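Across the two complexes that follow, subunit A remains constant while its partner is subunit B and subsequently subunit C.
Showing the complex of A and B:
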């Protein structure tokens, strides 16, 4: 215990013996730590937003389908329960955010153009609690209930079809007997979405209206349920599995959209790689600094050993010196990172450099997100690897022969 | 009782294609509370002998006993513990830790020993005053003259009242008045605390204080004279 004080005193004084070298090293560690946290938070912000958008776009956190629906999303593969039963069951279990919808391929025709789209027969109020697409109405109005006879189109689709609010379009699909099912609708509203493709792909109409058109009574093709946190869906998944019919397939978003699902894992991996790569660059400077410091102090280290200090205390001294340097650098680096991220809370407009990013589901405003786990990871990587990197020079110092050090003139 | 006993010590260094016998069959016994001066021309083996006694260097052959314990076969850790607790050192070439002040250097050994801070403080201040360095407690080695540094080293060697003090040219950088004062301090410790001293020196003045003067040449003891302390 009494060693602790003298070790810290020596380590601290030695650290400041060569001001310039220490300050340069501190600057390197600080900038490294800053870069780790700052860049990670930008990437996190981007990916989290993509994920949240992607999940909110339509999937929800958990979905229920007919087992064949994902291979063949046609009107022949419907959920076994009716939407009335679904509403009653889920609401009865205390689940608040869910929606039962029809989702089938269809052709939409204006008087000028026809295009293939995905027709969503939705209950607009329930839909809003789970999904974002279709809810940002920029012209006209939203559907006002499952029995609404109008449609809401993406703005891009409306442009392609050369139609507008107030005009009529025709939607055409198949009924369960493979007969053509079609109906005319009036365009009541236009929506915008983060993802350009969504604006062109989805067409929203009232659920009951679509059910009538497709002649499927009160059946639906999909139930989407949302929980509180998209990272934690296991409990919700289990609950919904119990509530829904045994014949239906219940899956989490990570399996429904493998692209989004893997993105989360890829991002975690990326953070680790990024942090380790920066550390490796730093470690050369750190090890070099320590090797020089230890080499310069052959004589006094020998002297301390000659006076009876244990080699382990010499080892400790060099490691403490290195860890002090790392901790100081990390404190400065963390403060810098927070100081530079907090003013950017309201988002960074990257539309100039990132034109076309919207195609990939990223918005042109980037909101950096500091995730506790990323900050902890960065700090732990620097400390632990820094500690390991300083072991070798410290070990060398502790192996010095005292007699050589003190008799050399 | 014997403070130091060396039996048939040999130590050979290789320099180029030449073998240098730094210690050549040295037998030496120093009584508890002895006051011995080693005198030899440069290269005579004084430092080599002190290093062997202090457990800093292992002889090629022979035995070294300190305070009744054979030390030439001990591990590094055991040797370090003996140096820390039983021996005070003044080294010939390099003595002070540059980042510590005079007082901290004096306290260093006590601190490693685990002596309480207040105790360390009063002892180190008293000893610095005795060696004439009052007022210089907070100077770092680089801010002191060679003689002042030497006195700090001496103060550190004796501050924790070790049973044995090994001093290699402790007065090398001192004027005659200061060396006399230091030697008187040594004599007093020797008289009142039975501290054993083995001092390597070229300095006639220092030799005059010794109870026993041992002359070496080329690694051998050539003369062993009992003399009365001045």
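Showing the complex of A and C:
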């Protein structure tokens, strides 16, 4: 114990013999650590929000479709069970957050304009349970049940159609026999979404009303099930697969929206690359500092060796010196990062590039998110790689020939 | 060789390991910057070109408000005549009138809501890459033919092939009901699923009849010989707009604001990261130069006592840094250039890139190309950063007292 303490004391004091050099290196490590965590939390915040928005639009973490539906999203490809059977099966298995919905392409027309949209026939309460897009009504009211005869539109779509709450629109689609199926609806409410594209794409109507209009009895096109955490869906996926039988296709969100699925992986990859790049840029300075520190003390190290200190102690001393420097820099860097993110908690408004962010599928307010695993990763990478980088100068220091070292000018 | 330069050069190699480590930090950052910037700038250019040439063109003449609302009644009157005038006056063939409408497209089995464009078969191939993507059949040739070209996914979903008939249902310019039958004569495949699923094109004359356009269209699309000359053509085209009509000319930036904003957002986050790299290198240089000044305190004391001014010594330190910086600059540009060159031949890709790339009309494998700008932009900034960071050690010399300095060990 005593021995370890001596090494620590020596390393600590050596560190402050040349305080300017140590401070510059500390500053570099702190800036590096700050940048690692700060940048990661910005990107993480953007991607997480993007994933949440994407999952709200899907919606859910797991979906059930007719095997052909995803390529040909028409009324001809319906889930094999009826909505009553689905409700009974899923609710019976203790699943609370799910919605069985009709989702077909349709044309919506006001007196003035026509648009291509996706018509969703759903039970509003069930939609809310999976936090689907369209559940946040900003004007008028939400549908009051699956038999409601009104529709809810996105605010943007209503603007483009020059319609408003209380006015009538016509929805036109096809029935399974490819006869035109159309029906007039009254607009009862408007919803808002983070992405303009979602506000323009989706039109919500009561499930039973749409089933009647499309002449599909009690059938639906998709079932969306939400779990607790979008990162962990395997158990839910397996459960839904068993419950829904073999006739339908059951897929997780990562496969339903491959762009979103890969984003998660790309983001994890980005964090690692960014942390390693910053470390490498730092490592040159770190090794340099250690090389200098050893060089200045050649005579002293020779003396210690001559007096009987073991080479391993010299090695330990230099490594401890390096690790102390890294830990100190990391602490400052982490604190700086937290301190600079806290004031940004309410979001950074980047709406000047809103349309650009929308192309990425991201919204125009950025909420930085510090994820524990990212912070741990950054700190561990710096410590482990820093330790490895300091091995070479430390090893050299411990290999000096005492007599030569002492006599070196 | 100038004595000061020779002195500086020799000083650098007193500690060759330290110098190499510092140059190493520069080379690492520079190589990374060269590669990343080459990749980015190349991607931006391709992104703009591909997106604009696919469909939007460089400029469009529209009715005021059409850009945001895209309503049927917001038209350019006598659009074909206007396009012809512009072609003649600007001496540019790549100008075409185009109309757009939403309609329900029905085959025997299926109906889908799609966006239907009315295009001038003679000139559309000059303003859009879509006609060139027709994989089956052909693009229409006659302005009045009752023909339709659809995307491959749409063809599959509608279960139609060449020669089959499709029914169009929609509303015309005046809001009245319009319907027609057209023969599928071409199927295009762009590779972008969304486009292949939701777009159809018909000849402009036919469109005019069906949607009661009365000679009007929704836009005159202009493609100039290059992005650089857009402003020039813009001014000339604006002068040719008929004074009695209320028309506006939008350039691509206004038509597709997301594109430039996405690039801006990407550039700012990338430049933040590059900035951090530059700062880390600067710290490394500052550390090295501070060490090299401190260890020469004794020596500097002597030469100052002999009459050398602190300014001269400071310049020596800056010169040393410049030499190091130049070595870093050229080696970095060389290494970065070679890395980029390797990818120029082999292509660059990362897991998940194909998904992201599709959002921006980019191929899934990218071939970056280094230019003088991308080769030297990053390294030049690193060079300047290094010189700035050497100012602190250089200016410290002014506080050096010769007598005290000579006593320093």
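Here is the rule we use: the second predicted complex is superposed on the first by the 391 of 409 C-alpha atoms of A that agree within 3 Å, B and C clash if a C-alpha of one lies under 4 Å from a C-alpha of the other, contacts with A are read in each partner's own complex, and residues count from 1 in each chain.
What we mean here is this: contacts are C-beta pairs under 8 Å (C-beta built on N, C-alpha and C of every residue); 3 or more make two chains touch, one makes a residue touch a chain.
This one's a predicted model, so the numbers in the text were calculated from it and none came from an experiment.
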Residue contacts on subunit A - larger count, subunit B or subunit C: C
Contacts of A:289 with subunit B and subunit C, given as first, second, both or neither: second
Partner chain(s) touched by A:403 [first = subunit B, second = subunit C, both, neither]: first
First, second, both or neither for A:47, with subunit B first and subunit C second: neither
Touching partner for A:106 - first (subunit B), second (subunit C), both, neither: second
Partner chain in contact with A:6 - subunit B first, subunit C second, else both or neither: first
Of all residues in subunit B, those that touch subunit A in their complex: 47, 51, 54, 56-57, 76-77, 80-85, 89, 91-100, 104, 108-109, 111-115
Residue ranges of subunit C in contact with subunit A within the complex: 15, 17-18, 21-22, 24-25, 28-29, 32, 69-73, 101-104, 106-115, 153, 156-157, 169-171, 175, 198, 257-265, 269, 272-273, 276-277, 279-281, 283-284, 286-288, 290-291, 294-295, 350-352, 355-356, 358-360
List of subunit A residues in touch with subunit B within their complex: 1-3, 5-6, 9-10, 13-14, 17, 299-300, 302-311, 313, 402-403, 405-409
For the subunit A and subunit C complex, residues of the former touching the latter: 18, 20-21, 24-25, 27-28, 31-32, 35, 39, 42-43, 71-74, 76, 105-107, 109, 111-117, 159-160, 162, 172-174, 178, 180, 258-259, 261-263, 265-266, 269, 274, 277-278, 280-282, 284-285, 287-289, 291-292, 295-296, 350, 352-361
